[in-house]
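The two complexes that follow have chain A in common; it is paired with chain B in the first and with chain C in the second.
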Partner chain A sequence: MLPKHAVQVIRHIWNEQGKSISMSEDARNMATVGQIIDIQWKLGMAVSSDSCRSLKYPYVTMTLKVAEPSGQIKNKSFEMTIPQFQDFFRHFKEMAAVLETV
Partner chain B sequence: DRVKMAAVTEEQFAALQILLKASSKDVVRQLCQECFSSSRGSSKLIDSTCSNLSVTSEEAAQLVSSLHNLTRHIVYRGLSSAEEILSLFPENFHQSLKNLLTKIILENVSVWRSEAQSSQISLPQLVDMDWRVDIKTSSDSIGRMAVPTCLLQLKIQEDAALCGDNPVISAVTVELNKETLDTMLDGLGRIRDQLSAVANK
Partner chain C sequence: MAAEQPQPEGAKPLSGLLSGIAQAAYHGHAGITEELLRGQLYPEAAPHEFRALLTKMSGVLKSVASADMDLNQLEAFLTAQTKKQGGITADQAAVIAKFWKNHRTKIRESLINQSRWDNTVKNMNWRVDLKSQSRHIDQINTPVAIVEMELGKNGQESEFLCLEFDEAKVTQMLKKLSEIEESITALTQTT
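Moving on to the complex of A and B:
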């Protein structure tokens, strides 16, 4: 059990600030946010499929290694079409630009 | 799915002539598009074809299946000229219908090819992303600090082929520090360089 004055401080702060945390979606997300610890990528070219005998279809495969708050390491793999990749790249350049100014 | 690759049979060409009952060229055009995009044996499409063309549901099923096979076969082989498509039809096939179908197919073949490519099997696909830059002012281990950090949310869609009409989209939220961001940018730059190299070959 916490000492009484500590509980009073906590209660006071919670009354003032608590709403903004508990109501924001971010609070829920924060608890489940992992850290990216590694990135692997591959540029592939599909040459044939069951629906198109002859293809020249590039795509990007990426695997993010994420350290969960629990300590578990999870891999998240996904694919991007080339337009999606270009969008992805653009977002990261914007992020980097913002980080520079902060 | 070997049926997609198989040539269109005599029986299927015969079934295509049910299209002669269509009230307009637009009805034929619409049906070609719906039959290409539909999954095999779509009962909804068979029912609507039944009423649109005033045919039995058995005839409608044969027509939908034949049109699906014809359009898919043409996309599979990458046929793109009128000559190539016309030569698929048997000699005794109704001339005007053959010309109309060839015309409609030529109009749609590029779009259909793109559709086939975007729905082919793949790993889960990135469909959207959102991000935010925050300043971490404190944590359980450090009382005061000012560390800029990125919060990134990726929306990933599971394999469309497995989910049918109700794709499952999961959101992954991760944090990146500047170092990880720089590594990512470096990697993305290399992908871009490789893409240019491949495009120029």
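Moving on to the complex of A and C:
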């Protein structure tokens, strides 16, 4: 059995902080969610490769500077074809729309 | 190769052979051996004869795919091959032309994928949460988007990146994405 004052402290903290934990689908997710610090991008054109002399396709590369909850800063980069980029863009437009209405 | 001609005899095995070559070279299909192809498609052929055919057809298909030939280039190229010593027959040229027309897009896609060695976005999910802020003011609820991106490289296990975006961050991202879109438009207008 916990001492009474400990229970009171726990209850007080839970009232204050509990919502943000219980509203997330998975409390564990909170610990691994990173924050974006910086966004960089590059538009490139693949010209040729050893298996194809005539590649000729444009692609987008993005680098996200992410602050992890541990405090560590990491760069995450990835490449997208133009259709993939358009999908990516669409997701964020939808996100913005939802954030606005909430 | 203006009009579609009825396929001559021997078209089917050659078509099958080209499919087999493409599967092995471009679509990552392991286990398509010379023996398998000969047995399935040219069972009557002597092994050394079949090997010569396979080598020749592989060479032609790879040249066509490597240059991503359009119809004009294809016609010129195949015609030249029919005139060469030890080249291809007119019938074979017709089969190859038909094959390329039907499979060009898919082969090109495979070639593009084969040349992507960095992380690509394999999947993306997101949801919007209401986040309670502050230990002092209870009822301030800030909507945040939680985004999960699956990043992966060819043949490697994916990494899952989980990020939080408040409205300001989403706006920042949208601004960058608009810049990219402008660049793409500028690029496609000049090429």
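FYI, the second predicted complex is superposed on the first by the 81 of 102 C-alpha atoms of A that agree within 3 Å, B and C clash if a C-alpha of one lies under 4 Å from a C-alpha of the other, contacts with A are read in each partner's own complex, and residues count from 1 in each chain.
We adopt the following convention: contacts are C-beta pairs under 8 Å (C-beta built on N, C-alpha and C of every residue); 3 or more make two chains touch, one makes a residue touch a chain.
Bear in mind that the values here come from a model prediction, so they are computed numbers and not experimental data.
With chain A as the common reference for superposition, the partners chain B and chain C occupy clashing space.
Touch criterion met: A:V102 reaches chain B and chain C at once.
Touch criterion met: A:E16 reaches chain C, while chain B stays clear of it. Judged by the touch definition given at the top, the superposed model places A:I39 against both chain B and chain C. Residues 29, 32-36, 39, 41, 43, 45-46, 49, 51-55, 57-62, 64, 66, 76-82, 84-85, 87-89, 91-93, 95-96, 98-99, 102 of chain A are contacted both by chain B in one complex and by chain C in the other. Across the complex, chain A meets chain C through its residues 16-17, 19-20, 23-25, 29, 32-36, 39, 41, 43, 45-46, 49, 51-62, 64, 66, 76-82, 84-85, 87-89, 91-93, 95-96, 98-100, 102. Listed in rising order, the residues of chain B touching chain A in the complex are 1, 4-5, 72, 75-78, 113, 116-127, 129, 131, 133, 135, 148, 150-154, 156, 172-178, 180-185, 187-189, 191-192, 194-195, 198. Across the interface of their complex, chain A is touched by residues 65-68, 111-112, 114-116, 118-121, 124, 126-133, 135, 138, 143-147, 149, 151, 161-167, 169-174, 176-177, 179-181, 183-184, 187-188 of chain C.
Taken in their complex, chain A has these residues touching chain B: 29, 32-37, 39, 41, 43, 45-46, 49-55, 57-62, 64, 66, 76-82, 84-85, 87-89, 91-96, 98-99, 102.
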